[in-house]
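In what comes next, subunit A is part of two complexes: it sits with subunit B in the first one and with subunit C in the second one.
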Partner chain A sequence: MLEVIKPGLETSIQDWPGRQGYLKCGFPWSGPMDHWSFRLANVLVGNAPGAAGLECQFIGPTLRFQRDGVFALTGADMQAKLDGVPVPAWESIAAKAGQTLEMTFAKVGARAYLAIAGGFDNEVFFGSRATFHKGGLGGMQGHAIKAGQVLPVAAGQGVAGRRVKPSARPVFVTDKRWQVEVCAGPNDDWIDEAGQQRFLSTAWKLSSKSDRGGFRLEGPEWTFTERAYNKPPEHGSDPANIVDHGYPLGAINLAGQTPIILVNDWPDGGGFINPYTVPTCAFWKLGQSKPGETYQFVQLSVEDAQAEARRITALCAESSIE
Partner chain B sequence: MAHEVELQTAGNMWKVLVKPGDAVKAGDTLFIMEVMKMEVPHEAPADGVVAAVNISEGEEGLDAGFVAVVID
Partner chain C sequence: MIYAEPRFKPGGDRFLEIEFGDELNLELNFRAQGLGQAITREQVKGVGEIAPFFSSALVHYDPDVIGYGDLCRELKRLIESVASSSDVELDSRLIYMPAMYLDPWSVEAIDQYIEKINPAKERDPDFVARINGLEDAAQLVRVHSGTEYWVAALGFWPGTPFMMPLDPRCRLFAPKYNPPRTYTKTGTIGMGGGATAIYPVDGPGGYQIFARTPVPIWDMQQKLDAFKEAPYLLRPTDRVKFVQVSREEFDAIERQCAEGTYRLNIVGYQKISLKSYRAWVSTLDQNARF
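The block that comes next holds the complex of A and B.
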């Protein structure tokens, strides 16, 4: 019941936690990159936190309501207007049939999330409605939304005027410099002491050659320990080569000398080492950063990363609404 | 009346298709940005003559809202 007038930039339907359980079929999880903002949008409109919503990147869509509905926008500020009147983010809003929601470029942050009471009701594919663009599956016929499509929405009862408490919202940087958590491993022992210190002391620049599969980083050269050179031939010839293994979500995958953070639509295996891993509690920062911005990595333990993920999940709940 | 064409997104300048003095029609593509492996064409909002081009191919780290082209 939402008609697409302008699709925006590869706007896609996502749900959380996405298409889990099918890595063996080659399907990554997909889902929203900033799952903190995404879940709060759903909570605002009375949906389950993981219900299907829209991920808008850099340039938002223009959508027309074909029936009355309650929606909410969170994440990046895309200067949304409903029939020409600015509408606030982080708040549930009632739209009437025939009204048009217009979003433009992301002013602060990179990805905005639109949830609508009832949730999007596109076809469930292998347990999820999330779009996996490269695989051409999930979402709307496997792809980003297109002009002229009507996005199906399930019946739902939303209440307008609900707001997310400021203390429960993620805070996006405005100086282009992000501090991003990392956990060491699985292959940190392939990087020498100088290389590890260099990794943690560098402001890595996010390359424009990035997408929902990988975030490419620009920075200094890497140096390795003895085991990167003195290894059986099946590991391959480059110091960063290792016998093929699984890649965890968030792995900082070292492709020769180029680190690539493996994000939501990631390749799940290959023959490069993964010296560090960005835990899911930091993914909202990846989702809200733009090419040219920098990441300063801050190492923490797996236990602390898990505690932070639990803290965020606890915030994506009714107790955060005022 | 002059029309200012602003960058619709942060990103890099991939192709610039016009130069000052060029006559353009509404809907003509003026330049194409590249962000996260996606192309973002920017079109002329009206017929006119290109008065200024404030961007060049290969520029990186541009911000949304920057006035890239002016059409008189």
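The block that comes next holds the complex of A and C.
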């Protein structure tokens, strides 16, 4: 049991891969954005890689242990201290009942993950414990954690002093410039040759108007093929309008002239085209970047993106622990 | 148009989108829904979920179980088996939704938009009436409420219906707001492209708006009987018929919904078949209006 002293900035319980299976009812998956760091935190404390843990965004929470437990922090460095003593990330740590874990702002990266042996034991809603904060469902009473709440933890046995091998950890950039993988499609044929080249050669800036539903990008104008102009009226009048269709997770959704990367709490359908999609293997980069930082997109084939996701999943395992 | 062959497009490493055509057409949605049912029935290996939309379907798959190329081949086979049965029937509930047309809340949202964002914006009911060649807002109300709407998909937000008119004489088109509205009240009914939707919660929006229902379509507290199984009211392949109510009736129904006592009229015995729908449509003068 963990008592919330300070909640941090929209800190939420997430599990991985989240609330899958209800896209046709309009439910996003939710879940941790940087699923690489998240899964390693769980592996450190002996949980299944997808067990429910905390996602801390930009400013972490302060939590008091109501009983002894083993925890691990991964992802962004939020300068965590246990009863005032700095604690390392990427390592399992034993806490005693009554001790306080204090996290502050993210020095490197944007999102930190806290896993606790046993995993959080909040109510399962539509197959998952993940929080869809804006939608008011999952997690703790549908929302991010609040001061005064006690977060339920299932019984578990963790071992302190286990470390993730440095070679198995994601490496966060320190110069604010990320190279992010994309796959072409589903609607790349709506963008003309010049527009496609412009997309791949631009350093797109992540807007502060971004949240767990969408990452807005700032950059140059888009140009279109004939298809965007010659279409039946039910598509809508903007070149980027299409007959309402389903949006894949990671889609680079073109809202008029504003590209929005649809991330974990995404609206899963609507009337704009998706010329590109960010694949699973690049989500940790989205999760660890801050507004003002830039993305340079690198096009991968679907098969290469699948292979890269497989490589990351293989790293989220016992073999990465020393 | 309806494509001779469905088009497959990847959406990253674990989604693919199938386009059956590029218009609002019950036949296209039947294909998407039919494929969804076939996938569930045949338990296609590696398919996580499918979300049918108006004329397309989004498929989530596990690339560790099935590759993109193999999945396309498998889905093509399934689509062919579905398309061959043109007398497929889908269960379809009919839900009577009370709606106040030309309601004060839409007026307020439009006023706000004109004042703060776009002073040149023509008021939504007048604008939609004009561009569709109707006499006035009153005729828009008659035409818009004169048909049953087919719930082709839920999406954007949990339980939000994307609907199309079943009576071709009630087809309307409307561009979306540009830039979008920053505020729309829960229950507002509006149109964008050829689709009609109901706003599940307060929020921004892009549809042209001209009506509002007092009945929730999304309720996490699941207060009404109709929400017994899920926090959302509507399901794909439902039909919605808007029933005009006065302000007094609106307020009374809203109160009953808050108390949890309102009983929606939901008709549950009907099936829709493409064959009988086509036969009916062929008897109509498609250029007629109400």
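Definition applied: the second predicted complex is superposed on the first by the 322 of 322 C-alpha atoms of A that agree within 3 Å, B and C clash if a C-alpha of one lies under 4 Å from a C-alpha of the other, contacts with A are read in each partner's own complex, and residues count from 1 in each chain.
One rule holds in what follows: a residue touches a chain if its C-beta (ideal position, glycine included) is under 8 Å from a C-beta of that chain, and two chains touch if they have at least 3 such contacts.
Just so you know, these numbers come straight off a predicted model, no measurement behind them.
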Clash or fit (per the criteria above) of subunit B with subunit C on subunit A: fit
Contacts of A:G84 with subunit B and subunit C, given as first, second, both or neither: neither
Contacts of A:D244 with subunit B and subunit C, given as first, second, both or neither: second
If touched residues of subunit A are counted for subunit B and for subunit C, the larger one: C
Inter-chain angle, subunit B to subunit C through the CA centre of subunit A, in degrees rounded to a multiple of 10: 110
Subunit B versus subunit C as contact partner of A:F105, first or second or both or neither: first
First (subunit B), second (subunit C), both or neither touched by A:D211: first
Contacts of A:G21 with subunit B and subunit C, given as first, second, both or neither: second
Which superposed partner A:G148 touches (first subunit B, second subunit C, both, neither): neither
Subunit B and subunit C, minimum CA distance [Å, superposed model]: 14
Touch list for subunit A against partner subunit C, complex: 20-27, 135-137, 142, 183-187, 231-238, 241-251, 256, 267-271, 274, 277-281, 302-303, 305-306, 309-310
Subunit B residues touching subunit A - in the complex, by the definition given at the top: 7-12, 34-38, 40, 60-61, 64-65
Subunit C to subunit A touching residues, read off their complex: 1, 9-17, 19, 22-24, 36, 48-58, 60, 63-64, 67-68, 153-160, 162, 173, 175-176, 178-179, 192-195, 206, 220, 230-232, 235-236
Residues on subunit A engaged by subunit B in the complex (per definition of touch): 9-10, 57-59, 104-107, 110, 208-211, 290-292
